[in-house]
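I am attaching a structure below and will ask some questions about it afterwards.
To keep things simple, chains are lettered A, B, C and D as they appear, and every chain counts its residues starting from 1.
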Amino acid sequence: MSLLSVDALSVTFAGHGTGRGAGRAGRATKAVDGVSFDVAEGQVVGLVGESGCGKSVTALALMGLLPRKGVSVGGRAEFDGADLLSMGEKKIRDLRGSQLAMIFQDPLSSLNPVVPIGVQVTEILTRHRGLKGEAARKEAASLLDRVGIPDPDRRLKEYPHQLSGGMRQRALIAMAVACAPRLLIADEPTTALDVTIQAQILELLKELVDQEGTALLMITHDLGVVAGLCDQVNVLYAGRAVETAGRRELFAHPTHPYAHGLLGSIPRLDAPRGEPLRPIRGSINDKIAWADGCAFAPRCDFYTLQCLTGTPELTEPRAPGHQVRCVNPVLPADRSADAAEVSS
Amino acid sequence: MLRLVARRLLQLIPTLLGLSVLLFLWLNRLPGGPASAILGERATEAEVARINRALGLDEPVWVQYGRFIKRIFQLDLGTSTQTGQPVWEEFTLRFPATVELSVAAIAIAIVVGVPLGYFAARRRGSWLDVTAVSGSLLGICIPVFFLALLLKGLFAVNLGIFPSFGRLSTGIDATKVTGFAVLDGLLTGEFDASWDAVMHLVLPAVALASIPLAVIVRMTRASVLEVLGEDYVRTAESKGLDKRVVRARHVLRNALLPVITAVGLLTGSLLSGAVLTESVFSFGGIGQFIRTSIDARDYPVLVGFILFIALVYVLINLLVDVAYSLIDPRVRVH
Amino acid sequence: MTALAVALIATGCSSERDKEGDSGGAKDTFVFGGPGDPGSLDPALASDGETFRVTRQAFEALLKHEPGGSELAPALAEKWSGNDAGTVWTFNLRKDVTFHDGEKFNAAAVCANYDHWFNWKGTYQSSAVSYYWQTVMGGFAANEDPETPKANYKSCTAKDDSTAVIEVNEPSANLPGGFSLQALAIHSPKALKEYAKQDATAKGDAITYPKYSQVAGTVAGTGPYKVSEWNKGNKEVSLERFDDYWGEKAKIKNLVFRTIDTEDGRRQALQAGDIDGYDLVAPADVKTLESDGFQVPTRDVFNIFYVGMSQEKNAALKKPEVRQAIAHAIDRENLVKTQLPEGGVAATQFMPDTVAGYSDKVKTYPFDTAKAKQLLAGADESALKVEFCYPTEVTRPYMPAPQDMFELMKADLEKAGITVTPKPMKWAPDYLDATEAGGCELHMLGWTGDFNDGYNFIGTWFAEYDKQWGFKDKGVFDAMKAASIETDPAKRTELYKTANETIMAYLPGVPISSSPPAIAFADDVNPPKVSPLTQENFAETSFK
Amino acid sequence: MNATPGLQKKADKIDRLAQLMERTETTSGAGLWREAFRRLRTSKTAIIGGVVIGVFVLVAIVGPWLAPYSPTAQDWRGEVFPNQGRFVGPRGENWFGLDHLGRDEFSRMLVGARQTLLVGVVSMLIGLVAGAVIGAVSGAAATLGGEPGKRLDTVIMRVTDIILALPSLLLAVSVAAVLGQSLTTVMIAVGVVQVPVFARLLRGSMLAQGSSDYVLAAKAVGIRKRRIVLTQIMPNSLSPVIVQATLSLATAIIEAAALSYLGLGNPDPAIPEWGVMLSQAQRFFDNAPMMSVYPAVGIIVTALGFTLLGEAMREALDPKLRG
């Protein structure tokens, strides 16, 4: 039985006249459009896609952190049997930080610049574990120690700007794991960090998850992260899952042209010398609505007019449990031929 | 902290020196120079020469400037041409009234403005927000003296709720201790005098508060809106913290930083407003005195006042800096 | 903190009740609003009405004016007489008069005062300090500045305890009227000794008044009130009834003068019940106040408002036709009708008709734009340009709304083809300095009489060359001189009439109007007799 | 392929989209302004502010021709008796009634708009030009002048700070004391008050630009300093200045009214200007409140208009808010 079961989650931003961040005037934007996936206890699930595909919005929706005004959330997300999406404000506030925790992308901006680290760690202990004063401080110090921050007693008194980038992310992680949550959502936790630090942070995350049996929902655009960490992967494009598979299966056989493209655009040491990288054309802005066909069509190397006849459904063209949303999936037989035709 | 204060105080010196040069030049640029200001147009050449000699105006400019500075350091700001009393005494006599008025105005502006700005931002687009925003726009656009006249006409003359002028009612026998009417009453136990002084403060303080209030509402609102969109607020929310903790520790604490700076900057406009409101309410503070000094071309008073205000302003901003650095740790390292 | 607030509110309520109680029963404080702070508590150092209004309640001179009139009346002197030459003045003093500090009033006290003034030194000799002494008595025992006039005061002798004799060198038109001035009010000899220890000092143009004149306590006169406190911060002077006053005691125990510098502010304070009366009521407010139940008694006319011309500043004004054209161009009737309070009249000469010496036979210059144009054309000045100064931020008893009056006259002059350049100036010191120095081609000013003598009006301007007017006309000067040395009152009056006729024929400026300045009181006040000289005695005031 | 016409259309659309993708986004100043203008058109605040200002400017331009009577002629002066508190309110002949000297109030309001605008615009320009020069010198010194430049910048900014601190009215009075009372003095006085505001703003914005990546890049490729300031920093620093200019127009109009109230306004009170009219009329507020209300509303509404537009521009130009 899965810990979290997301079913047909959709998030729509209502169009504002002049409001910020809500797209063009008067038009509602569907940021997430019927996404479903499960996360089991102790499992690491990846949500992959380029920026704007809806993965972060999905995470925020699950945490109940989307603004209530101008945003409508549909579908269900059962966490331990209770629907996170329809849960009352007070109830989800109790869950947040204790059962559900989240790590954000930019550790500097995610920490309050004018409050000492110590306070930011202890406040969560006070809230959910009732720890106060010296007890809270001691616990906070041991948390920092656990996430690998040296000299935790001194660091507790310091402010975010006095810490290095990696240290800040460790502090954020310390806060997230402070109450031993059952589900940890990590939203691009390594993007803002140096490469060497990235690996350390991922290592730390893995360690913590393994130790506590915490389920992890890993949100990233970095397939490298996915490869090293995730058990199950969901590839999102324009608010919909376009491919869902186990890690090995996906890396071995990327079937949706988008996933295929993503993997193709990673530089590989073992690739033949002189072979160019194959980036995906354009950006996610240049999409058409899913209702009119496949949203990826304008950027797709394999598109045919069939792609525009309606929303493609998730199918399992290659293997059971490997779902793909494509009418013209990349299958071993026709792949190279088609690619050659279009690119010539 | 002490080093910050010391450094800012040191920085004060060149600033005030620069200002004193400006002032000195200004005084010398007055039509016909000081002699004519003193003697008026009646002056004969011989008289002008005599006065110029008497004031040492026939000496080199730097000698004159040196003397000007020396006098300032001795707190010898000269004698008011209107009242015949030393400028310094006139100031100490009237300053408490203006301080009381300004503090009351700023207090109103902060006490009303910050919550209003905060809730307007929280309920963006609600009627509260619309009222706060348009009200603050109006507050900025309505001439202070006109507002003061309207307030007085309505609440003092027609409704008779508040007194129409002055700092204390006639017949209130207040013992003078500090010169601050409200405080004196509390110190001496003459609560009725304090109450009377408070009643006299209400209308002018409200009129004077209009601009600072408007500025603070808008600053707070904009700042809260910005902070609400910050990642660390989301982090705080993701920790499931109590709403109160999120608001106080994570939203307000950050949102108030620019507001604090604004309060420091408002000092200048506050004193401008005081000139107008004190005139309307015949309040008897520095503002009204400055107005009559303007009319009477009482230059010793004006020069003294400008220096004085500059000093007050710099000190207030020093205070603001200190307060700022107490709240914002980032400033301390720089 | 909360407790404090509660305490404040509670006492606030109780003090509110007290106030109610006051108005119901024995209200013992009368508050009067004036337009400006007094300059000093010693009237001898002053020359402005705001100071005199306050000191008049506490100090008395040898003579005064009859209540509500302009005739001289006995004050500290029961009787007075001058010799035929007008150089020896004998005063029979009132007995049983005590100063506020307990000193006895007698002839020696009178002479102590006159000798004190006569022996002033240093800054006291500045005309800004001793204006009235110099006007009435000339200079000092030892003049320090060559510009100070020659001393006219000779001596004061105490013939006996209640007879004082004051002698002057030359007869003067300012006597005996001058003996009634507040500036020459009698102080306690004990106080004078204190005064003498303190100096007025001057630095540049700023005169520092001696401490005794700035703080209540030292000054002591004989009036019905004594000064108890001058709270400068709150802009109020408090006086208290002097219970040993020789005459009828003041009816109200406390008298407070508070400064409210704008007309509106004073009116609103009265309407709000914060004050019980105020002076210099804007004409526009008279009707409003009356219909609201306030009392606005009218004073008799005793002032003159005129347009002055400086012939040295603009040579065109030297031409009689130009001056006449300007006189014809101004619609005085309209000014009176629309700007001046009820009782105002258009003027035909430089004194109101209440002053002895007013002539019915002066040349008049009725409003006639066509005639003005014609005169200008005749003088070859059809394209006349003049600069017209007017004062801002001020109202005077003779000039309730200077800027409006200026605008009306400007429009009149422009209709006659004259180009007018407006030049606003702050009343004090800019405007007064500029007009006095002849710095304005045209300007508007006026005068409220100090005492009823023609010389107090026309003598102040036309007795000799004056920069303000910038002309030398033997005919005018001689006419004035003839009147001023005549000691027989009847003859003098006739000579003043002649002088007025000469002046109006020469037309140095345009007399515009005389108007009664209004004063207002709350409805529960029995106001004092209002005085054409604005010399109200508040001891007469009582509450209904 | 047996494509239906509808499908073909969609295919075309995709081709077009594909073409569009090749184009890189421009970040030039012109693009920024075009974008800002687009935002302005959709902003309610901007529309209200714009309409108010439009009407005001229109009246200021054509007002004198629309005015039914001369604003200075005391045509009905026999009918108004300020000394008795008798005034003439709106009537068929005079839509807004008469002022205290028998002049047509409506004509005075119309013609007064021009004076008011003139005072506002000129004084704002004075403040803008002087402030921009000081701010530009200071900003350029700070960004490119090295240590001595920084010191110069500190000195300049400290002095402007002090001037900023002085009560603006006092500053205006000081100017009037030196120059004498005239309309020019009013404009200069109100303008001087704005100088430190503009100086500070331009400097701040130049400093921000100076440390921005594109300037660093320009420095790195060795472009001459003066050129960087003139071609890179200045143009990009101007937008906040323009916003402030709009806001300053509002302040200038209010400030000018305050000066009039203190008796330092236009020396010729016959020439209608709203501030002067208000300070003249408030004496008669009890008897003829409308005489005060017309100019007061004029001032408030106009100031509101400029403030609204300024605010909207600020929002439109704020790069943080750009989509």
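Operating definition for what follows: contacts are C-beta pairs under 8 Å (C-beta built on N, C-alpha and C of every residue); 3 or more make two chains touch, one makes a residue touch a chain.
As the structure is a computational prediction, the values presented were derived from the model and not from experiment.
Asks: Out of every possible chain pairing, which has the most C-beta contacts?
Replies: Highest contact count belongs to chains B-C.
Asks: Would you mind checking which chain's mean C-alpha position lies nearest the centre of all protein C-alpha atoms?
Replies: Smallest offset from the overall C-alpha mean is found for B.
Asks: Which chain has its C-alpha centroid at the greatest distance from the C-alpha centroid of subunit B?
Replies: A
Asks: Any idea how many Å lie between the Cα centroids of subunit A and subunit B?
Replies: 53
Asks: Take the average of all CA coordinates in subunit C, do the same for subunit D, and state the distance between these two points in whole angstrom.
Replies: About 48 Å separates the centre of subunit C from that of subunit D.
Asks: Roughly how far is subunit B from subunit C, centre to centre by C-alpha average, rounded to an integer in Å?
Replies: Each chain reduced to its C-alpha mean, subunit B and subunit C end up 38 Å apart.
Asks: If you look at subunit C, which of its residues touch at least two other chains?
Replies: In subunit C, the residues touching two or more other chains are 264, 393, 426.
Asks: Pull out every residue in subunit B that's touching 2 or more other chains.
Replies: In subunit B, the residues touching two or more other chains are 149, 153, 279, 294-295, 297.
Asks: Residues of subunit D touching 2+ other chains?
Replies: Expected reply: 262-263, 282, 285.
Asks: For the complex, which residues does subunit A have touching subunit B?
Replies: Touching subunit B from subunit A are residues 60, 63, 65, 92-98, 101-102, 104, 106, 109-116, 119, 123-124, 127-128, 159, 161-162, 172, 175.
Asks: In the complex of these two chains, what residues of subunit B are touching subunit D?
Replies: Result: residues 11, 14-15, 18-19, 22, 26, 29-31, 137-138, 140-146, 149, 153, 265, 267-269, 271-272, 274-276, 279, 290-291, 294-295, 297, 299, 302, 305-306, 309-310, 313-314, 317 of subunit B touch subunit D.
Asks: Which residues of subunit D touch subunit C in their complex?
Replies: The contact residues of subunit D facing subunit C are 72-74, 77-78, 80-86, 100-101, 181, 262-263, 267-270, 280, 282-287.
Asks: Looking at the complex, which residues from subunit C come into contact with subunit B?
Replies: Residues 4, 7-12, 14-15, 18, 29, 31, 37, 39-40, 200, 203-209, 214, 232-236, 254, 256, 258-262, 264-265, 268-269, 271-275, 393, 426-430, 433-434, 436-437, 439, 467 of subunit C touch subunit B in their complex.
Asks: In their shared complex, at which residues does subunit C touch subunit D?
Replies: Touch list, subunit C to subunit D: 263-264, 282-288, 334, 337-342, 344, 392-393, 400-401, 403-404, 406-408, 410-411, 422-426.
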